[in-house]
Amino acid sequence: MTALSVTNLCKAFGGLRVTRDVNLRVEAGERRLIIGPNGAGKTTLFNQIAGELTPDSGTIEMFGQDITKLASRKRTHLGMARTYQIITLFGRDTILRNVTLALLGLSPLRWNPVIDLEREQHLVDRAHEALASVGLSHIAERPLAQTSYGERRRVEIAMALAQSPKLLLLDEPYAGLSIDERRDVQQLLMKIPRDVTIVMIEHNMDVALEFAERITLLHFGEVIVEGTRAEVVDNPRTREVYLGE
Amino acid sequence: MSFAPAGFITVRRVALAITFALLLTLPFWVGNSYYINISSQILLYAVFALALNVLVGYGGLVSLGHAGLFAIAGYTAALLLDAGHGHFVADVAAIVVTLAASAVFAVLALRSTGIGFLMITLALGQIVWGIAYRWASLTNGDNGLKITTRPSPFGLSLNGAPAFYYTTLLVFVVALVTMILFVRSPLGASLRGTRDQPRRMNALGYNVWLIRFFAFLFSGFWTAVSGLLFIYYNQFISPPIAALQTSAETLLMVISGGTATLLGPIAGAAILVIMKNVVSSYIERWNLVLGIIFVLIITFMPEGLVPGVTRLWRKGWSTLRGRKPEPEARKTGGHGS
Amino acid sequence: MLRYIGFEEARLLAISSFAYGGLLFLLSSGFSLIFGLMRIPNLMHGSFFMLGAYFGVSMLEKGLTTDALKAIPKIGGAFNFLPSFTILPPNFFLIAIISGLLVAGIGALVERYLLRRLNGQELPQVLLTLGLSFVIADLCLMIWTGDPWQPATPAELRGVVQFGTLFFPLYRVAIIGIAVVIAVALWLMVDWTRLGAMIRAGVDDPQIARVCGIKVSQLFTLVFALGAGLAAFGGVVGAPYLSVYPGLDADMLPLALIVVILGGTGSLLGALVGSFLIGLLYNFGQAMVPDLSYVILFLPMLLVLVLRPQGLFGRSIP
């Protein structure tokens, strides 16, 4: 089964063509890495897949369903979740509340104007579980403003995981992390079960190589090379445009 | 809040109980009907300020058009009473019409947020003022509309100051309870989420627009109720009620007390109503005072009085118990944007 | 409710509409530039218009003599040492320009010492201008009382002017002329001067402009003062036509708002077109549907909001 299928996707900002006829097929359970130097159009591609940008032409399908024109929030309800390269969290709330909001987003309870959210034990329990899976349960009650950058990166991932996605989009989950923190996040991502398909963006090739099974190399909005880890690394064009050799 | 000292919560409960007891017995210890009426005014404006705070404080949407909605409720009731309808019909219709107007306001203003939202609501409020002022054949223009009776639910007359006070208090308590429920509810949490990270909320599966729309209607409902209290209190309504100044005054109640708290708008309403009555009895220059307070609060105490005092109180409480004060949460800018 | 009008009346209404539109342009061009550059609607813009008009009528009434200075309540005593003489002849347009300069100075002070404190916090800045508008309104009421003032039309601009077989009130034609001159001057400044280039850069991207070495904060002060001065100048020019009264500020501010939402923020062309459109709507509306004339003014704004939120000539709402 194909988890994500992008066909002939194009997007231009004025005269600048940021996505040029991109085709992408990610099989269910796959770990796909999308790499490319800064400005290659990775995040733009992601934003179109996630529904935050509308493509000029082309189609996007998720598990066989055409989602090209579907609102971003509806894609979430179909099983897509994403993290942001620039941390986008609720700075006035606790870590627990951040994750609870992620869970609530998929629950019909979110329209309820009278019940007490803090007493919805099943939501709170599941939020704790998600936090435990990223190793943050001991500081669940801490206000986000008092957490470190590395902890916030993990909250981003916990929020995406809490939504039990079928397709997980990770936008540079290692950005700004120290070597130790990267290793922690790496281990965390390795533990995600196979029923979750993962597409990850990273511009720094070596940190994510270990994780990826297939790699797509994007350059100036175009897919240049695609294949297994070894194929892409050995491809002379990769070295040319990306590794700068 | 989970990180407040445990003693603080108990103290707050006791303070709330005392306040409530004082409010309940107010006509007996105040005596003078002038002061009872001022208390009614405070409570009715507190309902209005709480309604506005839903958008300003929890939704991050600053409306300068709420005076328009407030006036629509008052005018609708006055016009229907004038046409010979009963109080029940007039009141229900006033709320329905105001809710419909809120929906129109929301659809137009929610095309934008921030400054755009503020400008559109200002313009919409101004339209209501224009109708009230210029469409004289309907609204009696500058002369305004009078109503002659207050309703008497279950045969109880509301003509006396204490009777009207208790009605207002009852409405106020109901409003406050719905606010407390709303703030703790999932929908309330969602609304705050759309204030802080609308993009993220969308990605998490929330319908940001619809959440804001509901918040606008909720706010519009209590604005309508406070508008009804106003028309029954004054038994008169005229175009200045719909003007920008009324919106600005109410906004000042919200921000002077502290946005996104429930106590803030209530304290703000009390401060402003008392000040307006005191200042007006000495000098004519209420607008000048209003403007200066506005400028001072925005420049020097943007957090509002209630959060400011709460912070000092917590600090004092901790010092009293020989503890170090809790570290303050850093301002929201701590994360990337 | 609808009243029909004949050709003769329509012709007069048209000329009034353009004159009114000209005044609106003086008011809203500055509002638009401030909005474009500083990203805030200046809610005391109507106050600047009214304040300028009051300064103007006072100077026209008392003349620009040292005796008039001494007669100012409270602070007039400071001028007692001066002998009695006429500082400047009481020329209407000279006074309009002086009013403009005075209010521009006030605007500069407001920007430099109040708005600057809240740099980057747009909402508090807007609310600050709202608070100041109340202060100015009440001060004006205190100084100039609640009675309306209407200065006489300058002597040389009374009477009518003839185009072909048609006669038009000269002063209204003059207002249109002034507005066109100012519009051309502003356009030349924004499109052809270094200052204009800096303003355009600031409107497009304040951060990049700052990086490029433009002192954006000085630019803010300058543009804010310019906008305030233009509004005040418009207030004086409009005084023989609109008169000056408490509440003039609250009448004008929404009009500036409508014009700018209509035309698009930061766009001078938008402000010009929007002003004339609202001028037409205002005058014809008042003649034809007096009850709803004020409400009609807002209709094009609502249409634009729904169909083209960035305004007719704007790029996008900031």
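In this document, chain identifiers A, B and C correspond to the written order of the chains, with residue numbering beginning at 1 in each.
By our rule, a contact is a pair of C-beta atoms (placed from the backbone, for glycine too) under 8 Å apart; a residue touches a chain by one contact, two chains touch by 3 or more.
Treat the numbers as computed from the prediction; the structure is a model and nothing was measured.
Engineer: Among the chains, which has its CA centre at the largest distance from chain A's?
Structural biologist: So the farthest one, by centre of C-alpha atoms, is C.
Engineer: Any idea which chain sits dead centre by C-alpha averages?
Structural biologist: Answer by centroid distance: B.
Engineer: Centre to centre, by mean C-alpha position, how many angstrom separate chain A and chain C?
Structural biologist: Centre-to-centre distance between chain A and chain C: 51 Å.
Engineer: So how far apart, in whole Å, are chain A and chain B when each is placed at the average of its C-alpha atoms?
Structural biologist: Averaging C-alpha atoms per chain gives centres 41 Å apart.
Engineer: Rounded to the nearest whole Å, what is the centre-to-centre distance of chain B and chain C, using the mean of the C-alpha atoms as each centre?
Structural biologist: Whole-Å distance between the two chain centres: 33.
Engineer: Touching chain A in the complex: which residues of chain B?
Structural biologist: Spelled out, the residues of chain B in touch with chain A are 2-3, 181-182, 184-190, 192-193, 196-197, 199-208, 214, 218, 327, 329-337.
Engineer: Which part of chain C faces chain B closely enough to touch in the complex?
Structural biologist: 39-41, 114, 117-118, 121-124, 126-128, 130-139, 141-142, 250, 254, 257-258, 261, 290-295, 297-298, 301-302, 305-306, 309, 317-318
Engineer: Of all residues in chain B, which touch chain C in the complex?
Structural biologist: Listed in rising order, the residues are 62, 64, 108, 111-112, 114-116, 118-120, 122-124, 126-127, 130-131, 133-138, 243-245, 248, 251, 255, 285-288, 290-295, 298-299, 302.
Engineer: In the complex of these two chains, what residues of chain A are touching chain B?
Structural biologist: So the residues of chain A touching chain B come out as 50, 52, 71-73, 76-77, 82, 84, 86-94, 97, 100-102, 104-107, 109-118, 120, 141, 143-146, 152, 159, 163.
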